[in-house]
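Take a look at the structure below.
Per-chain residue numbering starts at 1, and chain names A, B and C are given in the order in which the chains are listed.
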Amino acid sequence: MKNNNSLSNLEIGCITFFLTRCSYIGVTISLLAFLLKQDAWIGFLMGIIIGLIPLIMYLYIIKYKPDFNIFEIIESLFGKVIGKILIGIILVLIGYYTLMVFANVCYFIGSQFLHQTPIIVIAIAFMIPIVYGLFKGIKIIGRVSILLFIIAMILIFLLLIGLIPSADLNNIKPIFEHGFLNNIKDCLVFIFYNVLPLFVISVIPKDKNNSKSFNKYVIIFYLLSSFISLSTLIIILTVLGPDLAILYQYPEFHVLKQAQLIGFLNRLESILSMQWSFSFFITISVNLYFIVTAIKREVKKINIEKPIIVLLCLLLVIININILKNNTLGNEILLKYLPPFMLVGLLIVPFIIFIKIVLNSYKEKHISKS
Amino acid sequence: MQKIDKKVTKVISYIRKMNGNSSDIVDRIIKIDNKKVAYVYLESVCSEDKISDFIMRSLSYDAKYKKNNLFENIFEYLKNTLYSSKYKIIDNYDELFTLIASGFTCVFVDGYDKSIVFETKATLDRGVSEPTSNSSIIGPKDSFTENHLINLGLIRKRIKDKNLYFEDMKIGRRTKTKVTIAYINDIAIKDKVAEVKNKLNEIDIDGILDSGYIKSFLIKQNQSTFPRIIAAERPDLVCGALLEGKIAILVENSPYVLVMPAILVNFFHSPEDYYQKSINASFTRFLRFIAFLLAVLGPGIYIALTTFNQELIPDQLLTSLAVQRSGVPFPTAIEIIIMIVSFEILKESDIRTPNPSGTAISIVGALILGEAAVNAGIVSPIVIIVVALTSICSLVFNDIEFISAIRWWRLGFMLFSATIGIVGFIVVLLLFMIKLCSIETLGVCYITPFSPFSKVGLQDSLIIKPRRDMKYRPSFLTNNIKRMGKKK
Amino acid sequence: MKYKILISLILMFLLTGCWNYRELNEIAVCTGIAIDKDDKNYVVSVLIANSKKPEVSSKEGEAQSSIYVGSGETITSALEIIDTKIPKELYLAHLDTVVISKDVAKEGVYKTIDFLLRNPNSRRQFYVVVSKEKKANDILKILSPLESFPSENIATNIQSSLQVESSIIEIKYNEYLKTLLEDGIEPVLTSVSVIGNTTAGEKIENIEESEADTYIKLDNAAIFRDDKFISFASTNETIAINMLTNRSKYTSLNFKCGSSYFVIQISYIKTKPKVKVVDDKIEYTFDVVTNASVGEDNCNMDLTNPKVIDNLTNQTVRQLHTILSESINAFKYEYKSDVLGLGQILYRNNPKYFNQVKDKWDSIYPNVKVNLNIKVKLKTKGAAENTVRGYLSEKQ
């Protein structure tokens, strides 16, 4: 009935939802609040709109040859040597991004929930479902993402109802204090962390029957997730105020402590924050699947998949432990200020691919005409 | 493949030797037209009056034969005037013994090397009665029995469609149990039926005593804790499943009929949901779903909240819980495990004790688990509430395998919550969901209609739409999706 | 199968874990903290909520509260000394109130409660109050017949009083931090005092009488400037703060008429501030809209007559105007502290100008002009439209 190993459009949409939401914890919101104070939501909004451009570029690349995955497309366009170099660059960038996300998770849980537990325990605990999910395959991760999407939407809905009564619009009052151009410059923060990593959906096998609505689903879920993040950002700014949002390290977690439901449930921050763990899980799983597929193509042995997965996960854990031992300054540089420079690569390399495709199709049209 | 002898006395002595001269073999030789005719049967499985009718009729041979000259010989005469409509002509001893053991009587005529066997089966079962495990409030109260033909009849009389096929096979070297696969030809998918048949044909085992034996051949035993086959005792459940495109497997001597493929939401269903108003039935189903969540997640959340994340508990409750717990020597997880084990032992003893002493023992058990344990300082009072709640919630379900699956996963949640609190709870929740999503039976994913999203399947999952509005059959089970036709 | 064994081995390593593991009987739930100072050291008292009552059997828990005191150079060292006195671990997630004495508040409040910002357990949803007594310790000792713990007593008292009248201020830790961090608004805190004999209030006999001799009373606002305590405001000034910063909706006013009083209850207050900058002169306008109704009518007025209603409305407006303008002047000249947030209002409407004058705000603040524009909508509520006495006098 259905092809083996291909995900339906709805599942890919749900994965996009979680991929976009992943970095907004601890990274995007804190950075934007720090740079733009009360105009952070305007920067975010512009980031959403401008972020559609790289996304459409990615979708165009994916549509080029619908049966191939991204590595085969690159190799067919550029030949083997340059293709392998490009793939290598992308792998390094995605690997760095995964490292950053994983460090973020461990740091977040280690400082908010379990502050006396050594980080290695949290890292191993988080690795267990990721390894298990990767063993089962990408198809299972797609199905899980639909279930997680349903739960996440319920929790987000409860979050919004619980916090809207305490919102005070005066806190975002002087609009555009920082000027329009500053907003555009700082909205690149959003693009680098939340849009560029969407490149990994190019490796997921798609359903061939409904390929026309593939673009529609991806864009709809991207917009849905971004607007939910935007509304959360607005709530953080209006409830806490921009000064407190900069003071706290994870303002989205602290604002949950003020959520109050039905008048008496007011201690719900751990439950309402479960949906972030879901987005971390899906992001790291899909990124690791990306890397594993690339390595599997190179090595071409049959049974190499499971040991590679375990090896990669152990590598992630070990590198993370060594990073997080260092001081806060090293942490800040590695996790907050260096990534934009690295992730620009995820903008440049697909751009090169995009231009090559356009040139190729132009050449083909020219040849077919003449 | 030894052929039957022509001399009747030799045949009888051979049969007696084959079976070690068992005490229930009965044989008799009568003379018709100066020829010896013998019949042999096992009196433990045959009904006497059918046999005596044969004797009466055969003794009237003289009058009929000699008068009308219709038949060439006695053999033809007996073949054509037998009382029973089910008969076979066989010529070797192996087949003969299987048939005798099934309740047939075999007739030998001197000088012929073939034998006529006809059915004289006695009814050795309890007759159609009320179901013992899935009880019904409104709706039909008949249930399957140990008689294979009655079971087939209960299905056939409900679905009078010509497309309802029954296909037979015999499984088990020594028991030679009859196994029937039932499906509706234009609804069920042929590949699935073929797959089931292949799996059943591969079974090479000494004996099948109950339909449960087949379960582990149809699906690999270690793959999942959740059951993938429904064992149904009610015919209306089986017929509803057949009409959707599922396949039913009926095993002789077993009152439980296997229905495949089963998805997770089927375990929250009961046939009465279709006989009431849809909104009431939806509420009941939703209640069962909440019971499932409480049963699996309950102790895990309790442990996580009271040992790691105490900030989630409201003020007053926290202080009273803290005071209640002050004399207890065990950690929370061990307390809960002790109470759960005691409760399971109590449940098991309740099933095994004979009825007269049942009430006294359950009272004693409740006393042990309740007041006495609390007063002795072994557990704190709220643990009793938590354990009682989860156990009662798990008893909402009919299927015993489902309850066992709940038990295993409950233990997993408890262990991880006891290690790292609510983070552990989230980790096991993810594992649980991955596990549920990866189970597949006969090509159907376990959490359809949520994961491979099927809008039509949602109309009968955790909520139910009124019968009028269910226009299509779910497409993951069948290709023929139109359920109701349009009347002009 | 092999991977399952590997995972189980890893899991066994996890099961030894007892890092953050705390059973319920190992934590001391701390619901109130009181901070005093004697000469050099901070004296910190904590109110532990889950000690057992001695007579009752241990399973039917009735909790009672107990107080432990410790002193040290910083708050954290004082808490460590307290830790040596209790057999359990201090757990701050259920903190209800923090009481700070007047003397400590004079030196700056934030230094004493900074530790609650950094402690990962605290949820920052507690009330901060200033005690009018010499020792904040005393406040936490008073038992009350209506609530189990003194700290809870204060917290629920604040919440319920605000539904009826506006002479107290409700500030949680988060809001306090916000007013500290922002330029242009100064923090206020509510105050608590003890009525009656303190030592008698600690004993359980206090709540066994039908009228308790000793109890806690919530009082007017405490005004701060630059995080240092200036003085306590009067009742009218507290009402003014609540009305002008949209913190409460209820209050009541008494009018004298002859020998008895007439009460108007206000049930809805909304203030919209506006600001205009003309030639370096800042002018504020507060539009106050209220809904009022008649609470008590002992003055024999005919409430069906529209003229009478107009008269009452004008009287209410005048009274409110007096209260508010007197309070605003007091804030400007007497306390010299911008509790109403005038600087913040200027920032929100005209950020450029505010950024210019930010540094000189303390000297500019007393010279701003504040206009009040009060509207009262008087509706008679309740079943009676007229007074009983009036009806009786008609009958005669």
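Here, a contact is a pair of C-beta atoms (placed from the backbone, for glycine too) under 8 Å apart; a residue touches a chain by one contact, two chains touch by 3 or more.
Keep in mind the model is a prediction, meaning the values are calculated, not measured.
Trainee: Please indicate which chain is farthest from chain B, where distance is taken between mean Cα coordinates of the chains.
Mentor: For chain B, the chain whose C-alpha mean is farthest off is C.
Trainee: Please work out which of A-C and A-B is bridged by more C-beta pairs in contact, and write that pair.
Mentor: Looking at A-C and A-B side by side, A-B shows more C-beta contacts.
Trainee: Could you grab the centroid distance between chain B and chain C? Build each centroid from C-alpha atoms only and quote it in angstrom.
Mentor: One centre to the other, that is 67 Å.
Trainee: Quick check: how many Å separate the C-alpha centres of chain A and chain C?
Mentor: About 43 Å separates the centre of chain A from that of chain C.
Trainee: Could you please state the distance in Å, as a whole number, between where the Cα atoms of chain A are centred and where those of chain B are centred?
Mentor: Taking the mean C-alpha position of each chain, the two centres sit 48 Å apart.
Trainee: Do you know which chain C residues sit against two or more other chains?
Mentor: 14, 17, 20, 123, in rising order.
Trainee: In chain B, what residues contact two or more other chains?
Mentor: 308, 311, 419-421
Trainee: So which bits of chain A are touching at least two other chains?
Mentor: 113-114, 117, 121, 125, 128, 132, 267
Trainee: Tell me, which parts of chain A touch chain C in their complex?
Mentor: The contact residues of chain A facing chain C are 111-118, 121, 124-125, 128, 131-132, 135, 170, 173-174, 177, 240-241, 243-244, 247, 254, 257-258, 266-267, 306, 310.
Trainee: Across the complex, what residues on chain B touch chain A?
Mentor: So the residues of chain B touching chain A come out as 308-309, 311-314, 416, 419-424, 426-427, 430-431, 433-434, 437-438, 443, 445, 447, 450-453, 476.
Trainee: Note which residues of chain A are touching chain B in the complex, please.
Mentor: 1-2, 8, 10-11, 109, 113-114, 117, 121-122, 125-126, 128-129, 132-133, 136, 140-141, 143-144, 146-148, 150, 267-268, 270-271, 274, 277-278, 281
Trainee: Would you mind writing out the residues of chain C in touch with chain A in their complex?
Mentor: Within the complex, chain C contacts chain A at residues 3, 6-7, 10-11, 13-14, 17, 19-20, 117, 120, 123-125, 174, 177-178, 181-182, 347-349, 351.
Trainee: Which residues of chain B touch chain C in the complex?
Mentor: On the chain B side, the touching residues are 306-308, 310-311, 315-316, 318-328, 331-332, 374-375, 377, 380-381, 415, 418-421.
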